[in-house]
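The following blocks contain the structures, represented as structure tokens.
Both of the next two complexes hold chain A, though its partner changes from chain B to chain C.
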Partner chain A sequence: MALSRALAFDGVAFSYGNVAALSDVSFEVAAGERVALLGRNGAGKSTIVRLVTGLVHPDAGSVWIGDWDTADLAPEDLARRVGSVFQHADQQLFARTLREDVGFGPRALGFPAREVRRRTDEALDALDLHAHAEQHPYDLSPALRKVGALAGALALEPSLLVLDEPTAGLDRAWRARVADALREHAERGAALLVVTHDLAFAAETLERGIVLDRGRLACDEPLERLLTSAERLKPLGLVPPPIAALSVALDLPGRPVRERDAAHTLARVAGGRSAS
Partner chain B sequence: MSALHPFSLLAIAAALPAFAWILPAPGGGLATATLALVLALVPDVRAGARVVRVAVLTAAPFWLFLLLLHDLPTTVAMGLRITTMVASFAWLVAALPPDRLVEAMVARGWSLTLAYLFAATLSAVPVLKARARRIVEAQRCRGLSPRGSVANRLRALRALALPLVLSALHEVDERALALETRGMGSGVHRTPLAAPPDRPLERAARWALLLLCLAAVIWRLA
Partner chain C sequence: MRTLGLDDVTFWYPATANPALENITLDVGPGDIVALVGRGGAGASTLLLVAAGLAPRVTGGRLAGTVSRGARAGIVLPTPWTQLSGMAFTVWDEVAFGPANLGWPGHAITRHVDHALERLEIVPLASRDPATLSGGELQRVIIAGILAMDPDLVLLDEPTAELDPEGARAVWRLVRSLAGEGKAVLLATSDVDALPDVADRIVWLEQGSVRAMGEPSLLAEDALCEAGLGTTVADLWRAAALPAPYPLTVVDAVQRWR
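Right, the complex of A and B next:
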């Protein structure tokens, strides 16, 4: 199911007691869009994740998942549309095998056994986890458990996937696998909202950046433009990733922020120079 | 209250349940349970109300099972004693920062391992509570409903209890390794950075409490 609007925040405000966490936040995420949610610690990113998953409800304004208003829904109801992976996702696994745990979400939502098996297999495939499928989750490293939790979220086949620091603790190979799986999921029409401090991962995997600053929306624009303006990122507590900084320093045409694009541009520029 | 020396807080928390069991029921238990619950409300009533709530909710199932197994007078007598124990422990956890206890024990020449054992027990409650909340939230976001039928609730309990216990055991391993690499088991006596002050009046009060307990035992045996 592809909804044209996967997520919408409409004038959302939220406080923890007397401490305001979000003030008048509005944005939309379309189906298939890959969005990075950025900002320094305490900017309100995790509160956005909690609002989207229905763990808390806005004090003012509304949060929409497609055409569902989250105000009336519990997290277990929203799980039909929202898949989420939290920072401590490695602590949530409990089944005897990773396969069983990945299939937990679809089972909890009441899908028939065959459908659960299909979704589980596809999620394990997407993250190349078949070799670990029969292992007990606690025999795996915390990083692999986190990837396992992501497989569990993919098995829900959500129209919106919300991830909080999905690459923390992952090595380069697993990071690349996660990036591939997320891109594939988005190509099928799901929207991604990824909270991350890993701007290199954001540049490689996502396309739009929303930056929060002290609970307010500070920027909302394509990542290619955002990551190449160091002077705007600095006051928001962000540092451009190396490729973006390099392409600005070398004044590469189009200011690429992804490794492959930068390599192509460099090759073209270098080829042009050697030809002349 | 938290300005008191950690040993004084420990002495109060130990003396109240001791008196609850030594003094005749139900008056003794009623007095100690009331005192423990009142202590929790001093000096911050709002924070204290949370401690009282935790204590009452923890003690409630014991009352229920006692009522199923015994007559009313026995239930009241035992229930008040158990409530005193639970309320004293809940108050101690809220009033005593574990790091102050470690400093105090090390300053008194106790082994760091033993001091850590005490401190870890006290600090485990809020840590496990926070972790349990995180796990429940994560499972709900995976579609698990903690409401509805008994079967649903049991399934939810399994999805909460297993990761909680497994991750706690896993953390014990990691913590043990970390402590060992930081010289916990070296046996060298440590100098505390900021030992809590132990006033003579508090020391005298602690001894008085101990003597009072002994006197109560003798009075009850006589």
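Right, the complex of A and C next:
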């Protein structure tokens, strides 16, 4: 086993009763890697999140978090390594203030008060939430509650962060803030596994795309290549995000998929055209 | 003729001093698709609750001004799992819950439920237990349940948040076809890139007030891009310091580039 492995699925199968959700799924995610988990509704993405967080266990095969086999571990054991935000993050908040909620994870893991405070402050900082720290979570807008749940996951300082649709319902400014916080977290060595339909967000934030199709691994490759190929995306139920589509349509050099790269390339090419 | 009319509406949630909506005047007529855009907390969800008659009746709080609704309204909330009846063990029964509560005869319920399942392309889910569905499947079931009641005013709050890109496109096509049948549609979405092909009118909300209202080309204006509410393509054009007016969509950009 490579020491830097944060997550591994090894021949995993899982069914809900007689409805098969995953069949023979194998992949690894290294420390610091930023991975998008893509695919149609019902492809099995959220089931992967449930397996990684220990809410369910595989019918066959193994799920490894670093060198821990999850087979015998409960969610509270896995919380020492895995931070997660579920699709309906509203359900994850329950304390009287956002600050208390964000500090709940480290407190439950038994860290001393000073360490809980440091982690809580850093997580609130990372997402620019200090102005809302003393508010009741249910006085916050749904978007802020969602970002608050992400702060709670960051405060665990997990080696693996698993997020299910972290940007659904967020405006562009919040999406950009979440993207920055996630990139910073990965730079410190954490692996990211992000379930998302928001391919524009994936392009800006993540580097590798794993696509599930009807419970099977259909594709695993760099996002830059995948997102600029409409023909490959279509049978998987995916559509290139606007920047990738524009890059291809305008035949921009290097086919950039991130806004900053595309703006730079566009400005350069436009400058060259007006000069000639 | 208008299906929904808000005249100078101000709304306060319970125990709050600042209104969540302030002096909103808005008309939505048959066949109109009006899209609310704004930063998180700008008031779009609250406006939909007011339009549905749920605020203040269910949420509590206080409303000033006049809301007139000429017809039956149906609302799809941004959190589909909270909208399940909890009374149905199959998707078919879930979709039938609303029509059954309207007291319709059995044959009318069957016709409307079957039609709604077809329109949302979820006929294969009809016998599934709603509790076993994925988020995206559930979102389609909830939309079907609302359409099965045949509302004249359709209110949609982030109707594609849980959907994959194919599913989202299908819902936006459905919205166009509902408007084509004469239904009035008022929606809120953070997917502004979808709006140029969907909406007739854009309403930009900021801190509970209407900041601007106009055609979808509004989404390529400097002020909206500055607020993070422009389309991705308009925003990119602006970031590249290319001259305004910015293109709205990939198709516009390609034409402009030639």
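Note that in this section the second predicted complex is superposed on the first by the 270 of 276 C-alpha atoms of A that agree within 3 Å, B and C clash if a C-alpha of one lies under 4 Å from a C-alpha of the other, contacts with A are read in each partner's own complex, and residues count from 1 in each chain.
Simple rule for what comes next: a residue touches a chain if its C-beta (ideal position, glycine included) is under 8 Å from a C-beta of that chain, and two chains touch if they have at least 3 such contacts.
Model, not experiment: these values are computed from the prediction.
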Side-by-side fit of chain B and chain C on chain A, or clash: clash
Touched partner set for A:Y138, first chain B, second chain C, both or neither: first
Which superposed partner A:L93 touches (first chain B, second chain C, both, neither): first
Contacts of A:L109 with chain B and chain C, given as first, second, both or neither: first
Partner chain(s) touched by A:T53 [first = chain B, second = chain C, both, neither]: first
Contacts of A:L37 with chain B and chain C, given as first, second, both or neither: neither
Touching partner for A:A168 - first (chain B), second (chain C), both, neither: second
Chain B versus chain C as contact partner of A:H197, first or second or both or neither: second
Contacts of A:V82 with chain B and chain C, given as first, second, both or neither: first
Per-residue touch tally on chain A - higher for chain B or for chain C: C
Segment of chain C that clashes with chain B, given the candidates 9-17, 27-35, 63-71 or 99-107: 99-107
Chain B/chain C common contact set on chain A: 88
Of all residues in chain B, those that touch chain A in their complex: 131, 134-135, 137-145, 158-159, 162-163, 166-167, 170
Partner chain B, residues of chain A touching it in the complex: 53-55, 74-76, 78-80, 82, 84, 86, 88-89, 91-94, 104-106, 108-109, 138, 149, 152-153, 156
Touch list for chain C against partner chain A, complex: 38-41, 45, 78-79, 81, 132-137, 158, 161-169, 190, 193, 228-229, 231-233, 235-237, 239-242, 249-250, 253-254, 257
In the complex with chain C, residue positions of chain A that touch it: 16-17, 19, 39-42, 46, 87-88, 90, 141-144, 165, 168-174, 176, 197, 199-200, 237-239, 241-243, 245-246, 249-250, 259-260, 262-264, 266-267, 270
